[in-house]
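Attaching a single structure in structure tokens format; questions to follow.
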Amino acid sequence: MRQLVSALLRTETAQAHCDLPCGVYDPAQARIEAESVKAIIAKYDASSDEVFRQRAVLIKEQRAELVKHHLWVLWTDYFKPPHLEQHPDLHTLFWEATKLAGAGGAKGSMDAAVAQQLLDKVEQISDIFWATKKA
Amino acid sequence: MRQLVSALLRTETAQAHCDLPCGVYDPAQARIEAESVKAIIAKYDASSDEVFRQRAVLIKEQRAELVKHHLWVLWTDYFKPPHLEQHPDLHTLFWEATKLAGAGGAKGSMDAAVAQQLLDKVEQISDIFWATKKA
Amino acid sequence: MRQLVSALLRTETAQAHCDLPCGVYDPAQARIEAESVKAIIAKYDASSDEVFRQRAVLIKEQRAELVKHHLWVLWTDYFKPPHLEQHPDLHTLFWEATKLAGAGGAKGSMDAAVAQQLLDKVEQISDIFWATKKA
Amino acid sequence: MRQLVSALLRTETAQAHCDLPCGVYDPAQARIEAESVKAIIAKYDASSDEVFRQRAVLIKEQRAELVKHHLWVLWTDYFKPPHLEQHPDLHTLFWEATKLAGAGGAKGSMDAAVAQQLLDKVEQISDIFWATKKA
Amino acid sequence: MRQLVSALLRTETAQAHCDLPCGVYDPAQARIEAESVKAIIAKYDASSDEVFRQRAVLIKEQRAELVKHHLWVLWTDYFKPPHLEQHPDLHTLFWEATKLAGAGGAKGSMDAAVAQQLLDKVEQISDIFWATKKA
Amino acid sequence: MRQLVSALLRTETAQAHCDLPCGVYDPAQARIEAESVKAIIAKYDASSDEVFRQRAVLIKEQRAELVKHHLWVLWTDYFKPPHLEQHPDLHTLFWEATKLAGAGGAKGSMDAAVAQQLLDKVEQISDIFWATKKA
């Protein structure tokens, strides 16, 4: 069924993201990295291997940085003034989401709840994004 | 409806991709970049601005490199020997797909048909990927 | 005199910027890249060498990307809710500045006036930044 | 004598590696990083300094990633279908080598034997590479 | 007063740094990263949180690498033979400074005194740099 | 015969290059990139395809940057004061070599002779490097 859905949504799931701009943006990029952050914390918690846990710390740092980057790109490059009018909390949402990915959030914490909050915030942004694509 | 589908599929759309490994892989990463390559070529064709076209050339180079990277990660990190048994053409498929993203394909060409071939090949890999997730 | 000023201001010019966070931020990072963008455009205009001009296009792309990155870091990592209360236009300012560095601004243009607008916007942000450091 | 050998082999040791393609490939790039991985593990074992050992973990992660990258480039960009006919195990070899550099191998382990296995596998690929250059 | 100084010095504080070259160089880039290295060590010393300290180790590694990079760029790209005649210790200074940022210095140490030595060396280079700008 | 030579020299061809330091350095890293620069220029000259030539310009820029990086690493990380005593022109050699890779050399030129000069300079450094390994 995933393929069917994928086939149905194909044209609309292709969004622009480079700054040519090519016009292809997709919040899945941020979400995948946020899922990774969450999964890394789970694996860190489940392991007692010192080296593995150190690797988890450093890889989480990189993945959280990618969450920030993909969100920043969406905020600056995809969203336009008319979107802001319809979604006045857009700036706040991105500010909170990128802060949640940073030192005060997923980078600085090994708390699974923090990773989940980040994921939820990314999902909120994703919902707004897809709403603008339909408008 | 996209949100509904997204909600339904959420747990299964989260796959691992970093090399901890966190266990989150998603062919969407390669596909988004391949869509970008295709969109860049369309914008290049539609423009007569010299500087814009040069920017298109250099940005397409980066995006095609990312297609290769994301595919390589899937091939080496996600797929395991049992998958190969079920999909004996796996190596060939990835070899052809990454070559299609490179100098003999999307990097070296401004042909929209080549970008489409790359996208189709990524889709083939994506179908196999999702089939293994259900097995 | 520059050394004197530099000596006098040393402790206060050191601000944090990595996401440990180390606490060292400095808008000079964004400003230096924005100056570079402006200088590249001037050199592009002054040259009739085809290869040099192509190099200018690609290097400007990288420098403008760095302007965006350094601004995003300031926005997300340095500025806190109390700053926003005192400077309610903070989000707008950063949104406009990063957009000015992107496709609709310095990346997508060879116009010296656009580079100057970017520089001015970075200076506005810099002024707010330094005001918050004194508060 | 190294200089003599180097002088004799100079034209043939220059292989292409960027994806223009410039036509310069050299498995030495992967081998140097694999030697580094092995040396890092030896230094890690010989040290009881906590910070040094943490640095070893993170630097090994980067070097192992470079092994993977250089191998992927050789596999996709250098090797062509006729090479595969002569070396039917080419795909398997690269798959195993890149897996040996990853989480299930040199990235995920502090075992010197694993690093040596990676080095041996890179050497096998190197031998095939040089054999194709002579054919 | 910072803004006033900044306004007065604006044209002269803009130096070139990319290798077009755009002609904009500024030792502040190296100094900011060196300040960060110093601040990271202070935060490391003040914390007893295991994960925070591991993050400090890895982030310091990156910042120290950036110090090296910015110094190398100044040495190779900005300084010219006439500068060397006036400052015959230029090579020694850069060699020592970049070594101080590396394994035998700030990368390999958690000693605040080493970070300060690096900062002092960067300041020495900065003084020479600004002296050449006035000549 | 290459394999034989390679087997004979194996232990001595492994030099350190990361800044742990792992102790593995090899001037081949710089030489391979310099060979690439030279090959790119040859391909640029042989082509009349506009897009191909633009790609050559941008890829040469990256490869020349890598030459600089690998040389800087050797200069700062591998060479020590005793080497300088034996090779008093070390600083000059590296300064000239990295300048030859930059804007005033291989980056800023499409002249095959410049690429050859860079390669020769890298070879000179390589000879000194290997001489120090035997001492």
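Order of writing sets the chain letters: A, B, C, D, E and F. Residues in each chain are counted from 1.
The criterion applied here is as follows: a contact is a pair of C-beta atoms (placed from the backbone, for glycine too) under 8 Å apart; a residue touches a chain by one contact, two chains touch by 3 or more.
Remember, it's a predicted structure, so these values are computed and weren't measured experimentally.
K.L.:
By that same contact rule, can you tell me which chains touch subunit E and subunit F alike?
P.N.:
C, D
K.L.:
What pair in D-E, E-F or C-E shares over half of its contact pairs, by residue number, with B-F?
P.N.:
Among D-E, E-F or C-E, the interface that shares over half of its contact pairs with B-F is D-E.
K.L.:
To lay subunit D over its twin subunit E by CA atoms, how big a turn is needed, in degrees to the nearest 5?
P.N.:
Fitting subunit D to subunit E on C-alpha positions yields an angle of 120 degrees.
K.L.:
Same or different: do the copies subunit C and subunit F touch each other through matching residue numbers, with over half of them shared?
P.N.:
Mostly different residues form this interface, as fewer than half of the numbers used are common to both chains.
K.L.:
Can you compute the centre-to-centre distance for subunit D and subunit F, using the mean CA position of each chain? Integer Å is fine.
P.N.:
19
K.L.:
Take the average of all CA coordinates in subunit B, do the same for subunit E, and state the distance between these two points in whole angstrom.
P.N.:
Computed value for the inter-centroid distance: 40 Å.
K.L.:
Using CA atom averages as chain centres, what separation in Å is found between subunit B and subunit C?
P.N.:
33
K.L.:
Give the residues of subunit E touching no fewer than two other chains, as numbers and ranges.
P.N.:
Within subunit E, residues 19-20, 52, 54-55, 58-59, 107 contact more than one other chain.
K.L.:
Spell out all pairs of chains that touch, sorted by label.
P.N.:
A-B, A-C, A-D, A-E, B-C, B-D, B-F, C-E, C-F, D-E, D-F, E-F
K.L.:
Which residues of subunit B touch subunit D in their complex?
P.N.:
My answer: residues 19-21, 65, 68, 72, 75-77, 91-92, 95, 98-99, 102-103, 107.
K.L.:
Please name which positions on subunit F make contact with subunit C in the complex.
P.N.:
Of all residues in subunit F, those touching subunit C are 54, 57-58, 61, 107-108, 110.
K.L.:
In their shared complex, at which residues does subunit F touch subunit D?
P.N.:
On the subunit F side, the touching residues are 2-3, 5-6, 9, 12, 14-20, 22-24, 26, 28-29, 32, 35-36, 39-40, 43, 52, 55-56, 59, 62-63, 126-127, 130, 134.
K.L.:
Over in the complex, which subunit E residues touch subunit A? Could you list them?
P.N.:
51-52, 54-55, 58-59
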